[in-house]
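Each of the next two complexes has chain A plus one other chain: chain B in the first, chain C in the second.
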Partner chain A sequence: MVILPSLLMNLMKRWFDLLSRKINFYLLEYALKYILRDKYKNFFIFTIMTLLVTLLASTLLLSNLLKLEYNKFIDTYPDIIVMQQKAGKDVTVNEKIVDDLLNINGVSMAVGRIYGEYKFEKAESIFHLVGIDEFEESQNKFIEGLKKQNSLDKDSMLVSKDVATLLKKNYYENYFNFIKSDGTFKKVFIAKSFPTKDSLQNSQLILMPKETLREIFGFQVEEVSDIALKVTNKEEIAFIATKIESEFINAKVIVQEDIRHFYEHIYNYRSGFFLVIFIISFFTFFIIIYDKMSGLNSTQKKEIGVLKALGWRVEDVLNARLYEGIIISISAYFFGIFLAYIYVFTLKAPLLKEIFLNNYNLIYDYKMEFYIDYNVLAILFFLSVPIYIIATIVPSWRVATLDADEVMR
Partner chain B sequence: MIELKNISKLYENNVIALQEIDLQFKEGELIILKGVSGSGKSTILSLISGILKPTEGEVIVDGKKISKLVDHFSANYRRKNIGFIFQRYNLIPDLTVEENILLPLIPENLSKKQLQNYLESALSSLGIRDKRESRVKNLSGGEQQRVAIARANVNNPKIILADEPTANLDAKLSLEFIEIIREMKKENRTIIIATHDPLFFDLEFSDRVVEIEDGRVVLCS
Partner chain C sequence: MFLNKLLKITLLTSLCSVVLFASPIISKEIKEKKIYPMGKKIYEKRCKELKLHNYKSYEALSSDLANSKVCGKLNAKHLQALSLYLWDVKRNSLEELQAITVTKDEKCQVCGMYLHYYPNWICEIDYPHNEIYKFDGVKDMMKFYFNNEEGISRVVVKDYYTLKSIDARKAYFVVGSDVLGPMGNELIPFKDKKSAMTFALDHNGNSPLSFDELNEKMVRSIE
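Moving on to the complex of A and B:
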């Protein structure tokens, strides 16, 4: 047992010895000095590469984080939502049709839901109000969990911690006065606040009894926002949706997949904005690459000729350029990634987050959990480092393979 | 022993640099290659160093056919056997004296101690030891010349090739250079100097003067 660690240590020591013999540190030093000789140009390249990596990494990290969040959020949606339209406009649904919907083969549950957005003008923020009934099952596991843990009296509500904090800031510590549809106030007491586990959607959530919410929204008895259906066999969702549309006049049927597409559409639209920035950044980067690929100046060519005349092999010249490329591109890559992580996870992506989340009010402190996205790291690495290294080596290789005499002349 | 056997060199633009040259240089000899600009002197140096390959003929150094070596081995041969002093020194201006001198040894990946030993030996008697940390671009012409000599000498080469070494020096510095060459000759190195500077033509310690004209040997004294 004692032999194994010492054997491992020995092996590691030998490996490091071998590695240090393989790396020519004098060549590395020469490469570093070569970079410093053209320090302004190389610093410019380093800055552009770092900015490019930071911008791309920040956007990809944030967008992947939000995609994950959207998917989590969409998964809480019912299989089918039935809404009502009049003259192409969404209106409330009469809860009486629940029994008819339950008669359709394959529908295992149908529940009338009351929910909606409420704008709190003073704080310029939006609350997501959801009505609950202790005798009805919700397909949203988070809401169902809260319902089981808490029983609500009439005129009381459960609010997320973020909402509670916001209300407190606006001097509503124990209650909130909702403005009803007829302009009068409805006082609702805060029964409890709940943590949202960094969920973007739930951070705006307020739960209250259905009848209280009905009063705030000015709904009549049996009037609901929509009806949520649960389908036993998920393969039948599309078929059932079509059937409802044909049987119920003016019904607007939405399946979970439609919602996913809707969010992806909004998300892609915003990504398009960044696509423009990416293109501009890549354009700048490729101008640099083109400049490097287009060849060396006469001093650089002459230097290669002199080095060859002094006994440098082609591989020595190329190794020096390889080190040069590695020093600039790897350091720009890691520095860019480091800045992106600081920007997204420490500074919480100011500006960028506002563009991606503009339908969520940003007074909510959405805490982005730190994670390492290996795909993003790999994509950015292969988009930047090898391209730059190749662009550094190729022109030198062209010159180094010529006769030193020809180069010096 | 350096042998040039029936050497001809035609450049890509069809310029004839050398025609049917036969020359032999013995170990420890100091040879002056004399001739006007464009006569082919520099081409002979490039052929001996393996930088150029002849169009016809062979270059043999100590029995090895240098002209047949592929680039990789020709570089190794040059690094181990040749010290080159260029007309315009060909130093890297932004590097220090020390860094310039050690350039030929970088591919060897030697230990720091070995490098220091080589450096000390190359710097000795050249009077630039106090300038070793200075950037070459801040040195005078004479000092730059000494750095170029030290660089040519750092790998203890058997053969020193100098191409118009005094072309950019005044008379005083040219004489100093000749003194350095005299010291080098005492170390039994083969020294070949391509020049049109008359200072070299009557050197009492030179072994031979070879005159080149239009790519041919016209005089070998």
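Moving on to the complex of A and C:
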């Protein structure tokens, strides 16, 4: 392991040596001066290219990132959720059907879940209450981890750090009085508070035994919010879902794949906006390219003529132009990517994010962890840098191949 | 005469006692999917050091667990789960077959396909001295089996529903269903006849076959 850095340094040094032998620094200087001579025009091109790369990189990065995150989130959902509907609205389910569901071949786990929201009017916040049974299985890894560490008595609860501080502010240090559905109070003691790793999803979470939560929500003894199923062989999920639908007429069956499709649908619809942005910005870019390709003006032509008269070869002229193209396009590309990364990961993509996230989305919790999307980087590189370089070289090549006197005439 | 009567009486009483004091009647599926996992969790979290051979009956175990609080305070549901788990599973120490695992570069012995793409379909034939052959479906495994039947120590397949490794010689197989394996139509293994029947009905399969009913001609005719 000690050898590696020195090896890397050696390699870099050799590469740099090779590069410095290949690069003609006089030509490079000439190219820089050439750029500075047309300061405003080149600066304009540089800005447009930077903005273009920034815009495309940030949209592509953001949409890929959000897709990654919602897929990660949906993975925590159970394979199948069984709910019940009355008059077209979701109602509670009787836990007795758990045994019938377990008798279906292929279902490996069925658990009645109790959860819901509780509005704490005084602090204007909403708590997310989840009923747990210490020894039941649940597919939420976060809750499962908490259950492993703690054991809850009746009338006690685990609250997140955020909830604990909020309650403390309202003078509830050891307990909280929930208002039950019949208007009376229910005193529940705070057993412990848990850190949530700055995840929005769990920041308002309160866990308590199922019986206590039933009392607060006013549920009957065997009433649950819904039933979560786990299917071992994933190929059977679709079939089992249809089987449950036909066996329990009132049941509403949701498969994990349905939720994924729902999100994909929203995202694809919104990706349409990005396609429009993408197309418009590329048209702008290609107009610039077209303008460059269509030819040089008389001063530029004359300059090439003078250079040739001074004894420059065609190769030298083209090399100078190549340096010019590389300097502008590569610096614009890297600067654009840099800005995009700052916009997405440091500023958390304000405005653009709002296009994706609105009330239809149940997920607000996007951690947006830093990652490098090589596909996006490669796409943008090959769409911008080589095209620009070609657009700078080709017209000069046309002129440079002519005789000097013909050009200057 | 007297002896005969005595024998009858003792037989009857023992039968009664078995019926009266046996563990509660709950279907096998529910026990396996709901009660045993819960009992296992309680056992592992609360009472690892419990000595099971001290108890003579299920009742003794369950009442002792309730009264002595070796495993802490438990409600009725948890108590039942724990005692059923201890009595049925832990006491008999039912051993499951070790799950079949594959590495990334293992291939099917018959068709040469990589196995790690199809973890649900892997089967295995073992010979003594750690000689193991793996296949990507029962069809391919049986082709190998009929040619090299001698000296096989163990044949393992994966139950379609639970994906647990089971002894193929006790398994049931369904052909002609609408579920396709990696090699197309497949003999799909099940741990018991009941689940094989349900599968055959659900997925338009033929009636289940036991391991002995499979023959080479039939296996080779499956495409």
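Throughout what follows, the second predicted complex is superposed on the first by the 277 of 409 C-alpha atoms of A that agree within 3 Å, B and C clash if a C-alpha of one lies under 4 Å from a C-alpha of the other, contacts with A are read in each partner's own complex, and residues count from 1 in each chain.
The rule is short, and it goes like this: contacts are C-beta pairs under 8 Å (C-beta built on N, C-alpha and C of every residue); 3 or more make two chains touch, one makes a residue touch a chain.
Being a predicted model, the structure only gives us computed values, none of them experimental.
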Partners on chain A (chain B, chain C) - clash or fit: fit
Touched partner set for A:Y30, first chain B, second chain C, both or neither: first
Contacts of A:D403 with chain B and chain C, given as first, second, both or neither: first
First (chain B), second (chain C), both or neither touched by A:K243: second
Chain B versus chain C as contact partner of A:F135, first or second or both or neither: second
Contacts of A:S108 with chain B and chain C, given as first, second, both or neither: second
Partner chain(s) touched by A:R313 [first = chain B, second = chain C, both, neither]: first
CA minimum distance (chain B, chain C), superposed complexes, angstrom: 56
Footprint overlap on chain A, comparing chain B with chain C: none
Parts of chain B lying in touch with chain A, wherever the complex brings them together: 46, 49, 51-53, 71-72, 75-76, 78-80, 82, 84, 86, 90, 92, 94-95, 99, 102-107, 109, 115, 151, 155
Residues of chain A defined as touching chain C within the complex: 98-99, 102-103, 105-110, 134-137, 148, 151, 232-233, 235-236, 239, 243
List of chain A residues in touch with chain B within their complex: 21, 24-27, 30, 33, 37, 302-303, 306-316, 401, 403-405, 408
In the complex, chain C residues that touch chain A: 27, 29-30, 33-34, 37-38, 41-42, 45, 72, 78, 81, 120, 160-163, 179, 195, 198-199, 202-203
